[in-house]
Amino acid sequence: MRKCSLEKLDSVFAEIANSFKLYLPVDDKDGKAKYSEWAEGVKWSNALNTVRSPKDFFFPQTEDLMGFKCSGKNIEIIDTRNESEDFVVFGVRACDVKSFDILDRVFLKDPVDSYYSNRRDHGIIISVACTRPAETCFCHTFGIDPTEPAGDISVWKTDSEVFWQSNTEKGAALLEKLQALTEECDADAVNDQKEKVSAIMKKLPLAGLTADKFGAGKTKELFDAPEWDSLSEACLGCGTCTFICPTCQCYDIKDFNTGKGVVRFRCWDSCMYSEFTKMSAGQPRLTQKERFRQRFMHKLVYYPENNDGLFSCVGCGRCLAKCPISMNIVKVMKTIGGKENE
Amino acid sequence: MDKNNKYLQEEILRMSGVNPRKCMSCGKCSATCPAYDEMEYHPHQFVSMVKNGDIERLLNSQSLYRCLSCFACIDRCPRSVEPAKLVEAVRLIAIRKQGANHMTADDVPELLDEDIPQQAIVSAFRKYSK
Amino acid sequence: MQKITREQLIDKAVSLLSDGTVECVLGWEKGQFDYDITPAVFNDENELRENFVWNDFCGANFSKYLVSKTRKCNGKMLVFLKPCDTYSFNQLLTEHRFDREKVYAVGIPCEGMADIDKIKAACGDGIISIDASGDKLNVHTLYSDEPISVSAESVFAERCMNCKSKKHVAYDELLGEDGDVIESHRFDEVAEIEAMTPDERFAFWQNELSRCIRCNACRDACPACTCEKCVFDNPNSGVENKAAANSFEEKMFHIIRAFHVAGRCTDCGECSRVCPQHIPLHLLNRKFIKDINSFYGDYQAGAEVGTRAPLVDYTTDDLEPGEVFERGGDNA
Amino acid sequence: MQRIGVFVCWCGSNIAGTVDVQAVSDALKNEPGVVFSTNYQYMCSQAGQDIIKQAIAEHKLTGIVVCSCSPRMHEATFRKTAAAAGLNPYMVEIANIREQCSWVHKDMPIGTEKAIILGKAAVAKVNLNTPLTPGETPVTKRALVIGGGIAGIQTALDIADAGFPVDIVEKKPTIGGKMAQLDKTFPTLDCAACILTPKMVDVAQNDKIRIFSYSEVTDVKGFVGNFDVTIKKHARYVKEDVCTGCGLCTEKCPQKKVPNEFNLGMDNRRAIYIPFAQAVPKVATIDPNYCTMLKTGKCGVCSKVCTAGAIDYKQKDEFIEEKYGAIVVATGYNPISMDKFDEFAYSQSKDVITSLEFERLTNAAGPTAGKLLRPSDGKHPHTIVFVQCVGSRCDSCAQKGKEYCSKICCMYTAKHAMLTRDKYPDTDVYVFYIDVRTPGKNFDEFYRRAVEEYDVHYVKGMVGKVTPEGDKLKVQASDLLTNKQMHIDADLVVLAAAIEPDKSARPLATMLTASMDTNDFFTEAHPKLRPVESPTAGVFLSGTCQGPKDIPETVSQAGAAASKVIGLLAKDKLTGNPCVAHSDEWMCNGCSSCERVCPYGAITYEDKEFRMPDRTTAIRRIAVVNPAVCQGCGACTVACPSGAMDLRGFASSQIMAEVDAICK
Amino acid sequence: MQINEYKPLIVAFCCNWCSYAGADLAGNNRLNYPADVKIIRVPCSCRVNPMFVLRAFQRGADGVIICGCHPGDCHYTSGNYFTRRRMALLFSMLDYLGIERERTRVEWVSAAEGAKFAATMNDFTEKVAALGENKRLEDLRCKR
């Protein structure tokens, strides 16, 4: 483990930015954190987390896949790929780091999504441990320890110092470059912090939330639960939850005719949308209830079924904060999962 | 139309805001004019002379000062041409010509008699007192 | 703190349910925390007593739900309407979007709703509970031993700070006292933007709109956006788009959305409330309202049922499109 | 995918002079959907059209683009060509490369480039064209004529003559209109009554014609071929079918002091009256404003004297609903009020009269039994001054009269002057004029006769003021030719008052959704080529409701309107313009926005049951466009927020495709 | 005159009855205007959806002009009155968003006003050319 003083952090960023594009959470003019590229003078946000998740770095909201051009009756294919730049994302919380695992299992499974995998290969993740979890946090429900974030490098920030520990070769190589700006140290301060935060975690309103009722093999039990009706009653069918969710990975591929050619691009899609996966025969899920159920069943049952029991929610709490009608996965888990969850 | 007349015409049109081309030569202005018999050129001729740029002749005519400014022609004109405003403007041109007034304010009292309408006296002083 | 109490509302709902006037109640359901309240349909007294809430976080405008809910409901549905909700209610009626006969509307006074983001900005994260006393909100958080007290007014949602009316323009029955239409300063911010140079305006909106993630929350929450199928969802419309592909798409979406609700928007502020990216979308709608007022005379959508919206109306001497800049004050 | 043929016209050198037509046809060959492209000297010629027909057959074309002159010129031609070759005529699009390209650009490369782009836009549009078939609606074979003056009478007679039933709605108790009030008619001087009343009798006796007199149209719904009209028949308190028109009641009625409107108030009639001897229907009418019985319940004289028992004091207004295929507006005119012309002392002296009043004064059936006597003292006038253009040809700023020329005044004034001089050679007759306008057959000859044979003093100039003094009228006028101001002591002054459309026209136009000009004259569908049709299909114009005109002109227009109506009623079905709006019922919100912008009332709403995506059924309010009424402006398509409303032939997708093609 | 002046792309929506005929008349009278102007025929100016205007900008237009019958002369009685309101609001909004106001225009051109049509197009093209390329309502994908 290495450390540097808080004052030196900017020099560290500068050093990283020498070799990579460096992104980190920065406050915008409304005080909301969002990932922005670091440059001299750009300050790391104090916010617990960003409004949007960092999945954009690997799975951007829209991404051109290819282009083609028709001249006369011939079609010429144009390579539009641009995902080969090395970059570093700093300040990723434990929950969001975990989300990359969940996305990996989708995109890196055969057939590998080369756009995603290229970006993964070129990206280095520097995670940061949480110190002030919010009432909406429930990462522990999915076995995530916010004080032990994964990633290529894990970082702990105390009042005066920043502690660095590499977890992967990529991480180690980067830390190597920061040799001059950091010094070797023990983990005492970090352990102190972990203890304190763990104590807070126990006091969180959602501390008792478990996913025991969910997981692989629960489809039959939960699919026809009567509660879906009332839960989905108020859902507006917007895509807020989906688009801020770090693990939602659905997309649509569309062709855009520019007049000069065609750009084939993909963009995020939401299972909450009435047009989602519309086929010539229509949509498979006709009502908002079905679409609503799909989203939560996927996160809590279908995905674990296909991925060794791993839930496709990381408890980041974004949807709790942002749903226009305040319906969210926690309410679903508590209602469908029965009283003992409360 | 010579240059001076052209210039005067433009000035008159600008000052009066009248468009003499709207005139359809019905003669109602002249028909209604109480000072008709005093005039060498009558209201409808005023309009057509301004329209044709025949300004110098107008300026030199006593008719200019026979108009009582009663505005009957303005009221009656079916085309809203407003001949009295033209008369007014031509008078102003005369006034603005330094020393070109055909008389001064001092000349007015002499000319007064009982038949002259009050309006004409007021009008005369307005013109010649400055 | 709201003047009318939760118990009063529940009692009213229970009595209307028991005398058979209504079949069900559209109301607010308590959430995990004190502030995450969900609109819900209540069918009996037990449900109401257990889960119905009424507090400073009941901001959601229910009017829009009436379009879909009344189609499903056989009898009458009770809906509680805050003053601003009643304007949307009327506008929807004007557009024949639901059957008035199927609704029993109870007007309830509103003292202004709180914006949880403002509270979080003032008190920090980790909010465990919020209780109201007088005009203060006491916020209990994980990170302070004592509750943090903030004045309710200081954490009002933007639309409540610029409340345009405390008057109910539609109801079957009114609980508490009716208020008045308020001289608000809601157009000040629009005027500020108008006063910028075109370059500043462009930069301002570029910054705001570029944050749009096209989640459609603004549209889906908007009581004027009740189209059976939105043009942006319709592949045949030529403007369909699922995600913000580039800065043009965002502008297209927001201009057209604002245009489609122009003259119909009651300025209820739901769009800005629900935007996860805090884009001040109400400033687009208010621009149209301000323009309509100054070009064609004051018009408040939803003030009455059956009025002709300005965009489906005209006079023969309306101002020309080229004149709008003179009328709107030339600031360029 | 369409199979599109492109045909580039040279138009001799008109296009080929500035546009490389070969380059255009070559370039368009590569556009999506295009399977054939050629160019030819004159595409509109028979040979050119044959090329198109042949290509349609040979290449199995599903759509064609003709790059040629304006579609306003030859779109119809090429549509016919396509139809002749078995292609739906609406699969034709024109790229306007002449008026909007070769004629406005000088440079060959620039012109060629633009022509290609315009061609591409047309190709892009045709790719999205769909074959359109005009809708058909049945035609109700009955016509309605609103107004029973000479215009309405002639129209009705002509329509009835062709075998179609016609109803005339007249708001007065009798038909006949203004012409019935006239004495003689210019330029032949035959007596108006002698030529009008036989026609009125024809109307009364024609079994195809029904007269709703003392009636008004209160509501019009529907559209061309299918109008639903509500007619309000005012209570006349006399049973029409019982009254024999003997006129006894009108002699016995004790209420004698009712101003007689037929004589313009120059004498009185009774409270029960028949407007004039030849009235049709010849039925008495009780004036409820003056009838003592109706006002106080006491009197009943008419009822007592009526041997037929036709009087019915309890009669109520009656509403009749009838269907019509066509409506003719013949609402006529009135002289304008003289209130704003104080200078002529109309309100101060009874001896200042309007020309229509003069007609009554000289009419044998008028208040003076045809003797020209001064209204004030019944004396014979010696000096008579006629003033023309009173209220006509006024500037709009003056806000006194009308901007237009009333057209008939010059001629009737000449007639009045001539007749006066003829009958009373001892009179001095002056006519003050601004211009004398006599374009018409035998019109100028007539006017010259007044001057030359009858020694009428025509004075070029206007009367400035008229001042009553004793029993004389002091007339001050100008004689512009001698450049003198004239002062005449007249006995009678006759004002040729401007004429204006009847006041009932404006509300009627609203009911009919027919357009009017600023003067409240009905506008024609086209001022030159469709002068007797209103822009609203199925509504036709007859007489002075369309603009000032004299009797022969009115009669010929009436006949023309009738022939248009006959042409319409002769059809069993109407084929409409297929380029109309249509609403996608799944997307429609039923919000009424479209209805509110539709100028034709073509959109109605219905509640329809739908099986919703969530498998429930719901009753939804949806818009329905009546294709027979829709004219295809497209206002509704933009008013519709959900995009449910679209326009055939100019679909949003087609216009956007054109935009895209142009902006490539 | 400037040399190497920017050649803008102008989309002109013209109503079939007045303005399109006015454009034809300009042609009949051989009144020149820049070839940068491309006309799209619509039945009435009220057929022009704000979406079409934005679409044109998206696809690379530098200016959009809508021409219709003079108010009061609409072939369909009232179409252009609606156009007038719609476009007044739309243009005001575009201006509010910082988009150059000279890029949009509504002009009433009757079937008899061929000269006005040509003059309008000359003037509009000149003004738009002075602004240069449309950057503020562009869709970069369409520029490739």
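The chains carry the letters A, B, C, D and E, assigned in the order they are written, with residues numbered from 1 in each.
Simple rule for what comes next: contacts are C-beta pairs under 8 Å (C-beta built on N, C-alpha and C of every residue); 3 or more make two chains touch, one makes a residue touch a chain.
The shown structure was predicted, so the numbers you read here are calculated from the model rather than taken from an experiment.
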item: Shared chain contacts [chain B and chain C, defined touch]; value: D
item: Least step count from chain A to chain B, where 1 means the two chains touch; value: 2
item: Set of chains adjacent to chain A and to chain E; value: C, D
item: B-D or C-E - the one linked by more C-beta pairs in contact; value: C-E
item: Chain whose Cα centroid lies nearest the overall Cα centroid; value: E
item: Distance from chain E to chain D - Cα centre to Cα centre, in angstrom; value: 34
item: Distance from the mean Cα position of chain D to that of chain C, given in whole angstrom; value: 50
item: Cα-centroid distance, chain A relative to chain D, in whole angstrom; value: 71
item: CA centroid of chain A to CA centroid of chain C, Å; value: 30
item: Residues within chain E bordering two or more other chains; value: 50-51, 55, 59-60, 72, 78, 82, 86, 139, 141-142
item: Contacts with 2+ other chains: residues of chain C; value: 231, 237-238, 245-246, 311-313
item: For chain A, residues contacting two or more additional chains; value: 256, 259-260, 274
item: Pairs of chains, among all present, that meet the touch criterion; value: A-C, A-D, A-E, B-D, C-D, C-E, D-E
item: For the chain B and chain D complex, residues of the former touching the latter; value: 22, 24-33, 36-37, 42, 44-45, 72, 75-81
item: Chain B partner contacts - residues on chain D that touch it in the complex; value: 343, 389, 393-395, 397-398, 400-401, 432, 434-435, 460-465, 476-480, 483, 485-486
item: Chain C to chain A touching residues, read off their complex; value: 31-33, 35-41, 60, 65, 121, 124-128, 142-143, 207, 211, 213-217, 219-221, 233, 235, 242-246, 270, 273-274, 276-278
item: In the complex with chain D, residue positions of chain A that touch it; value: 70-73, 257, 259-260, 274, 283, 286-289
item: Touch list for chain C against partner chain D, complex; value: 71-72, 94-97, 226-231, 234, 236-238, 260-261, 264, 308-309, 311-313
